[in-house]
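The two complexes that follow have chain A in common; it is paired with chain B in the first and with chain C in the second.
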Partner chain A sequence: MKAWRIFLLSFQHVLENRSRSFIWVLYVLLPAVVFMLFWIGVVKSSGGDVSGWNFSTITSYYFLLTVLGSTVIAHIEEDVAEEDIRLGELTNYLMKPFSYFWTKFLEETPWRLIQGAFGVLIVIAFIFIFGNFFTLASSPLVIVLALLIMVLAYMLCFTFKMSLGLSAFWLTDSRGLFQILEVLLLIFGGFVVPITLLPEAFSKIAQVLPFSYIVYYPIVAIQGNLSITQMLTVIFAQLAWIFVFYLVYKVVWSEGRRKYTAMGQ
Partner chain B sequence: MKVISVRNLKKNYKAYQKEPGFAGSVKSLFSRKYEQVAAVDDISFEIEEGELIGFIGPNGAGKTTTLKCLSGLLYPSSGHVDVLGFSPWKRNNKFLKQISLVMGQKNQLWWDLPPIESFLLNKEIYEIPGDKFKEMLSELSELLEIEDILRVQVRKLSLGQRMKCELVAALLHSPRVLFLDEPTIGLDVVMQKKLRDFIKEYNKRFGSTIILTSHYMEDVRQLCERIIIIDHGKILYDGKLSDVVRRYSKEKLIKVIFNQKVKPEAIEPFGKINEFDGQSATIVIPRSKAPEAVAAILKKFSVDDINIEEPAIEEIIRDVFTKK
Partner chain C sequence: MKKYLSIYKTLSGMNFSELVSFRANLINSLISNLVWGTFSILLIVVLTSKTPEVFGWTRYELFLLFGIYNIYMGLFYVFFSRSFERFSQIIHLGELDFVLVKPIDSQFLMSFRYVNHPAFLRVIVGTIFSAWVLSQMGVAVTAQSLLLMVLLLVCGIAVMYGIWYIFLTCLIWWTNLTNLVGLLYEMNGLTRYPGQMFQGISGLLFYSIFPLTLVITTPAQTLVNKVNYLNIALVAFFAVLFISISRSFWKFALKFYSSASS
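And then the complex of A and B:
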């Protein structure tokens, strides 16, 4: 009930700021369209096939990227670092008999749902116009597993970014660190190009790092490009990463709180 | 019953000292000199249930740091803090449900939603039963006269209205201990008085323990029987507000109105003249000599009215800080 109330309230807050949500979706959509146009050119000039990717799979990849990028990528780190730690908003959370981590989770989720909904509308418009070029999984089991992978992708991204935000307990300005990790997410998460198209060494690194489990794997799962075994492996890897980042969060939180000075208060 | 017990509490901050100028900046790239600054330096006190206590001190004295240690926001560098039988720092839910912190410069209300939404959120977070919530909300809204703004967006409210709503949000769960940090800061005198009256009434009606910091002596004078004066992280005085006057003020003020004009030279022998306009004067006199001075003035002049007064509390406190 507590969680539901926080969620509902955050939802109302997000609805008050709906134009902001829409702009954030465009922020994800525009680079995706640029990358898509580039790769469509590459696919065309290579006779319609680049390492198993064709015109249809590559366009649907980037449109799904828009939906996934808006839905599962949490943008909580700046909020945690700047508002909560640096400007002292954390004080409000610390005074409440409810976990900071879960309050933030419930505050962030409505943003993702609304932005995801905008993303879905854009994809529906795309399917309506270019229906023939869109590939999506059709088996119910695959769709259910793909949705589970998407939910876990959000949990993974959220847990990772919460830990990242806590760096502000030590760093005067964490934004540089955030930018570096954003670039890593772009490259190894599959934003620029599906990770199988990366040079082999990079592709191998991408499979080890957590970023591909946030963006790339959820997309190829919903496209129906993974076997059931592969999907289960992805789910296992996601759970393992969530566990790792949650532990990191716990340690960083308990150490960082000793550093907190409740400044600006 | 003791609700707060603090023994030898210390809280240090690490501060980095930079030499001035560009050369200092370059030097700081290679070696930085850090210094431990004691914000709270070995303080001890106890507070009984139901007390309304004022923490006073200049900026940077350590008042807010103490409050933050008591409410569990800060980890004490050393010493022992016990509030309601808990170590505040551990943030036990049972502890957090019995305390509240209101800071004059910060808010917990959701900015773009009406205050009632934040109140309903607190109802869930603090697990306040439905009827208890209704009762408290109607009682507090009535006391603070906010019934008609419950459904107005917080960002549309004035500072005073917002502060009232902050207080309601902080009190809905009937905290046993309430920390108020500069609750009247930035408010006009009418609103300051309203909030003061409310705090007093709340303390009386609910028997909560209230610890207040304020720059406005009027807040402290009107509300607190006991005060703790802090400066440079140390307690300079802990006791009754009325005693601080006796203890620190070595002088009294004699205010006298004469029936006819007098010359200043005529009253100079009695003490230091503070104010004088020909027919009335304020004379500063050593505390012990006040009665005989009054007798002498009455004997020498034709007096319309004469009063012995204590110096303003602000001045006494200022003297305590400047160790006059």
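And then the complex of A and C:
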């Protein structure tokens, strides 16, 4: 009940800022459309097919990227590092009888839901105009598994970013670290191109990093490009990565709290 | 003019002192510029990995486009990024009052108050990469084409400055859109792609972004001796046009500024 109340209060706050949420969706949409236009050119100049990707799959990939990028990518790390740890807001959380991790989760989720809703509206408009160029899974089982992969992708991203944000307990300024990881996410997560279209060396690296389980695999799952066995493998890998990052979070949180000082609070 | 150059020199000195006083911030800024400069190069390597040519541009020509984009973005960041990032906050918190009461031009202070020195690193990355690409292409750069490219870069930065300033001026009415500046950064990214890429989209949208498609492609073409005089004239025209509009629009918008507590 208390969790629900925190969620509703956060939801109310997000609704007050819906115009800002829309701008954030455009952050994802604009580069996605640019990459899509570029790849359409590549597909055309390659005779209609590049490594198994055609006009239809590439356009749907980038429009789904807009939805996924808005829904599953948590942007909690700067909030944790700057507002909570550096400026001392963490004290307010420590005084309350709620878990810091889950309170932040309930605060972040409404942002993802609203931005995801904007993303879905954009994709619906796209399907309405260019329906012939859009491919989605049709089997109910595949759709259910794909939705589960999306939820786990959000959990994975959130846990990863929370651990990252806690680096501020030790670093005076974490922005450099955040930006390095942002670039890794963009390239190896599938933001720039689907990871099967990366150069071979990059593609191999992407397979062993967690980033592709946040963006690339949820998209190809909802497109219906994965078999049931492959989807189950993805779910298993996502759960394993969530477990790893949650352990990291627990260790860093436990050690970091001892270093935390909030002067003047 | 002399007065403003002197003020800019002082502001730049203040910014530099502040930068070197906070070592962690300096290191982070350097890392950040190096990371994004490298990303821009990796991006085109990745995008062109499956094709030798796209939209009539060869792989190395596209590399050059991205190299010049790094130089251009580095310069834009040095002179404007920090001031523009603070723009929304200044208006949202009513700090514009303190800008308006000062005996200097408000647009000048809003544009040049902060200098981002570490962004020069991005200019260096872009210059080294562009020089390497030109050597791979076997292009002999003449002093004339280099000078023309520099002039076009200045005009290109003026075009982007004008467009940014027009959008940011709208914050006087939409004070809570503090994240607008991030969207403008994404818009800058459009400039590094060949104009032909956008010709497939609807007419109105294409013409809306047309000036952006000339900003980088025109100097790049000039450098490889594919001079297009019409495009050069258009870049110069758009520079004057957008600077003039930004100036008039700012003066108009200030009539509606009501501070934070009014």
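The criterion applied here is as follows: the second predicted complex is superposed on the first by the 263 of 265 C-alpha atoms of A that agree within 3 Å, B and C clash if a C-alpha of one lies under 4 Å from a C-alpha of the other, contacts with A are read in each partner's own complex, and residues count from 1 in each chain.
Heads up, the rule we're going with is that a contact is a pair of C-beta atoms (placed from the backbone, for glycine too) under 8 Å apart; a residue touches a chain by one contact, two chains touch by 3 or more.
Since we're looking at a predicted model, the values are computed, not measured.
J.: In the three-chain superposition, say which chain, chain B or chain C, touches more residues of chain A.
T.: For chain A, the partner with the higher number of touched residues is C.
J.: Output check: A:1 vs chain B and chain C. Expected answer is one of first, second, both, neither. What do you get?
T.: After superposition on chain A, A:1 lies in contact with chain B alone.
J.: Which partner does A:95 contact after superposing on A: first (chain B), second (chain C), both, neither?
T.: first
J.: Looking at A:46 after the superposition, I want to know if it touches chain B, chain C, both of them or none. Which is it: first, second, both, neither?
T.: second
J.: Of the partners chain B and chain C, which touch A:140 in the superposed model: first, second, both, neither?
T.: Neither partner.
J.: A:192 contacts which: chain B (first), chain C (second), both, neither?
T.: second
J.: Touching A:30, do we find chain B (first), chain C (second), both, or neither?
T.: A:30: touches chain C, not chain B.
J.: In the overlaid three-chain picture, which partner chain does A:258 touch, first (chain B) or second (chain C), both, or neither?
T.: first
J.: Going by the contact definition given at the top, which residues of chain A touch chain B in one complex and chain C in the other?
T.: Comparing the two interfaces on chain A, one with chain B and one with chain C, the shared residues are 17.
J.: Residue numbers of chain A touching chain C in their complex, please.
T.: Going by the criterion above, the answer is residues 17, 19-20, 23-24, 26-27, 30-31, 34-35, 37-38, 40-42, 45-46, 50-51, 171-176, 179-180, 183, 186-187, 192-193, 197-199, 202.
J.: Mind listing the chain A positions that touch chain B in their complex?
T.: It is residues 1-2, 4-6, 9, 12-13, 16-17, 88-89, 91-92, 94-98, 257-258, 260-262, 264-265 of chain A that touch chain B.
J.: Of all residues in chain B, which touch chain A in the complex?
T.: 13, 64, 68, 71-75, 91, 93-94, 96-97, 99-101, 103, 105-106, 108, 110, 112-113, 117-118, 120-121, 123-127, 181
J.: Looking at the complex, which residues from chain C come into contact with chain A?
T.: 24-25, 27-29, 31-32, 35-36, 38-39, 42-43, 45-47, 49-51, 53-55, 174, 176-180, 182-183, 186-187, 189-190, 193, 196-198, 200-201
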